[in-house]
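What follows is a short report on a single structure.
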Amino acid sequence: MSVAYHPEEIIAIVSPEFQNGSTSELIRSIASLSTARPGDLSFLGNPKYKAKVANTAASIVLVPLNFVREPATDQLFLYVANPSTALAKVCSRIEQSLWPKPPPSIHSTASVDPTATIASTATIGPLCVVEGNVEIGEGSYLQGHIFVGHHTKIGRNCWIMPGCIISTACELGHRVRLQSGVVVGSDGFGYEFVAGHHEKVPQVGNVVVGNDVEVGANTTIDRARFSHTIIGEGTKVDNLVQIGHNVVIGRHCILCAQVGVSGSTTIEDYVILGGQVGVGGHITIARGTKAGGQTGIVNDTNPGTYLNGTPAISYVLERRLQVLHQRLPELFKRVSTLEGNPE
Amino acid sequence: MSVAYHPEEIIAIVSPEFQNGSTSELIRSIASLSTARPGDLSFLGNPKYKAKVANTAASIVLVPLNFVREPATDQLFLYVANPSTALAKVCSRIEQSLWPKPPPSIHSTASVDPTATIASTATIGPLCVVEGNVEIGEGSYLQGHIFVGHHTKIGRNCWIMPGCIISTACELGHRVRLQSGVVVGSDGFGYEFVAGHHEKVPQVGNVVVGNDVEVGANTTIDRARFSHTIIGEGTKVDNLVQIGHNVVIGRHCILCAQVGVSGSTTIEDYVILGGQVGVGGHITIARGTKAGGQTGIVNDTNPGTYLNGTPAISYVLERRLQVLHQRLPELFKRVSTLEGNPE
Amino acid sequence: MSVAYHPEEIIAIVSPEFQNGSTSELIRSIASLSTARPGDLSFLGNPKYKAKVANTAASIVLVPLNFVREPATDQLFLYVANPSTALAKVCSRIEQSLWPKPPPSIHSTASVDPTATIASTATIGPLCVVEGNVEIGEGSYLQGHIFVGHHTKIGRNCWIMPGCIISTACELGHRVRLQSGVVVGSDGFGYEFVAGHHEKVPQVGNVVVGNDVEVGANTTIDRARFSHTIIGEGTKVDNLVQIGHNVVIGRHCILCAQVGVSGSTTIEDYVILGGQVGVGGHITIARGTKAGGQTGIVNDTNPGTYLNGTPAISYVLERRLQVLHQRLPELFKRVSTLEGNPE
């Protein structure tokens, strides 16, 4: 990771309640207890792994306040209320080292239309294309190889990673993060069947992405037929997800990788969809619905339900049916026996 | 959407049979009856929603000829034979405003090989790469950040959106539209297992895309091992679809998002595949076959059948089996009762 | 394909044991026996098709040593031990013609940081971005429109196709081939739910790709939370696959298109996953496991097992259950009859 922290720097980042031992190593990486080597920082995030601390070669270990054991030679224990939270602080510092915020600038190889409004603290990286009448807010960072279509608005402190395409007249809120290769504002998939062929229905709406949304690599979000495709504030979308035209997604939802949401469907707040879930069109996924991986949802759901299977039913019923399904050979035999024909 | 139409312009676009009322608003957007605000145009596409016209705030409403109601103050009704068709005319006009055809040109930042043949009315946008011996036809538009491999031919009036990659020696017909991030001509996935490892089988065929085909964002179409992977005229492919090597797709098919088609499979004309459908290799999907979302097809199909489930069976049978599947707990109880062991 | 080989050149490439007949045609393409036309080379790869040789119009046919038939007029038979292997030699030569290794160079439109180390025999194509402290090995080829984040290392003789993004601090071995649009090193999908919203867990690990790995178009591979996401030597990954953070994939595996692997899962050597397979998180897929298309694997697997269905069970059991599932209508009738209520 090309970082190196003196133990005193780690102590300053973590602010432990107390400490025990010492190490002469610079911390260059993070590792689990069992794979750590000298120069690594590790942590006891789950008490069930506490025996692994005895054998870890990590130079620094983050441990909970009630942890009882002496560090090895050249090893430092830092006692904290929550080792996972303390680790996150270290990771945040590393993140800042790995991706230092570049100084505000417009790279000489970027192609920026003179009618675009770029905030003075924004950064436009190499080989970006910014078309006319675009607005880019304070502190936002277009990393490189990014295309922003005309009349699109990007809020403050967004981070758009390489290869993203944000088409015409779309809107991104503040602190939006798009991983590489995201397409925002592709045409919705709408045709009318006329005289033996499919005629395109023009897709002239846009996509509106709320504050604090993150979108995963190579995910696609279609523009509305008219009006808006909407991703609500704080929602997190994983890689290779498809979001159809006129979909409205609420706040603080989680859409795992390869989910597909068909057009005109509404997903309310706090919905969680597992990997490869498919959602039909023109339905409503109620607040707090959860669906396991590969579930196929074709009807409205009730709030807070946990679904599984295709077509989706309650997780508990689905699991029970799976067990009975696997007992079908036995059931066929029992019926044969009842019929007087034991196999 | 950054458009504004005077009511007289809308009347000119729509050519209503007659009209009633008037509005002083400029039309800036389109909305459904229930969400429309002043400045919006709305439409009564389905008679069952006619009661909603009474409460809409839309400034202009497209209504069918037999619609009976007076417009509100500052509201204009336009009477047309088919409100949806009339709306499409307005959308087409907006589409032309949003994406005006740029004047023919080759952007100064594009990298075009001198042996490429670019028609005089074609447009090559910023940061495109066009390799040697490429041919690009009259009126075609490469929007930006596009890579065209050597010896590839692109027909007339195509629109290639940002981030597309069209690899070596492929062929696109006329009026082809590729949404952003499409890959045409990636290598087919072919290996031979030799001495404990997979040896690559060279993939030296190409991809041939017919006239009037549209391909969705981030979809991938592999080149043939040899000969051609073919997408037939008028076929529409949604986002994130995978089309394997040597696949032959007929005319006027619909492939919804995240469909996957394995290598060497033939899909005949007018086939419709729902979202996330998987199609096995070396099979034939007969003319007019339809498959519901997430269906898994591993065998040849009969013309005009409607399939569902994995493995795919007829939709009617699949729905019946789903009902019986959910009655398995009852069936197990009934058999126990017959055995003299009621639960 | 824009190639043309004199028959003598084909003979030199194939080195047949013996030959029969002759042709005046230049060989410009490869085709199957039934679709070949003059100027095509064809081959008898499977003895069951030997009758097709009689009617083929191919100018050259690769046939096995024991094949008995006279060539037609203007037709040449080349007798070889293994026609498929001989064909692969011809395809390799065509591949070299289609994609000749460009001379080592850094294109004038590429943006290369002065701290990057580019081997003297490497080629950096048009409009690539290479950030600081990157290392690119001998003979490697970045074709165009590629983004390489700082501190990333790319080994020898890699071929990175247009539109790929390799993020910060990742490592590629030797002879790695990335098809177009691949994203290596996107953030893992990790959040903690705090006070009603999802807080991002920084993802500061990297991705390590072994020697001889090939990755398909628009596939995404997430960087580890910390430590490494690993793709083992010789593993082949198809298009539109999602590989989550901290996944460890062994050597010589095959992951077909649209597979999704959730975070922290281990896939051992020689595993084969069919198209659209979903794999849950934090599990181990044992050496040599095979899974059919659309299988959903949520538990550890045993070595060498062949799985199918969701949730995954043995292929043989799954097929048996499918048959019984389709007999449910019959079973319900039989139980009704036993109950004295024949339908």
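Quick notes on this structure:
Letters A, B and C name the chains as they come in the text, with residue numbers starting at 1 for each one.
Throughout what follows, a residue touches a chain if its C-beta (ideal position, glycine included) is under 8 Å from a C-beta of that chain, and two chains touch if they have at least 3 such contacts.
Note that the coordinates shown come from a computational prediction; the quantities given were computed from them, not determined experimentally.
Shown here, the protein chains touch in all possible pairs.
Residues touching across the subunit A and subunit B pair largely diverge in numbering: under half of the numbers involved belong to both copies. Rotating subunit B by 120 degrees superposes its CA atoms on those of subunit C, with the angle stated to the nearest 5.
Subunit A and subunit B, compared by their mean Cα positions, are separated by 26 Å. Annotation for subunit A: residues touching 2 or more other chains are 109, 127, 145, 163, 181, 218, 240, 258, 276, 294, 325, 331, 335, 338. For subunit A in complex with subunit C, the touching residues are 1-2, 29-32, 35, 88, 91-92, 94-95, 98-99, 107, 109, 125-127, 143-145, 161-163, 179-181, 212, 214, 216-218, 234, 236, 238-240, 252, 254, 256-258, 275-276, 293-294, 322, 325-326, 328-329, 331-332, 335, 338-339. Residues of subunit C that touch subunit A in their complex: 109, 111, 127, 129, 133, 145, 147, 149, 151, 163, 165, 167-169, 181, 183, 186-187, 189, 191-192, 196-198, 200-206, 218, 220, 222, 225-227, 240, 242, 244, 258, 260, 262, 276, 278, 280, 294, 296, 298, 310-311, 313, 317, 320-321, 324-325, 327, 331, 334-335, 338.
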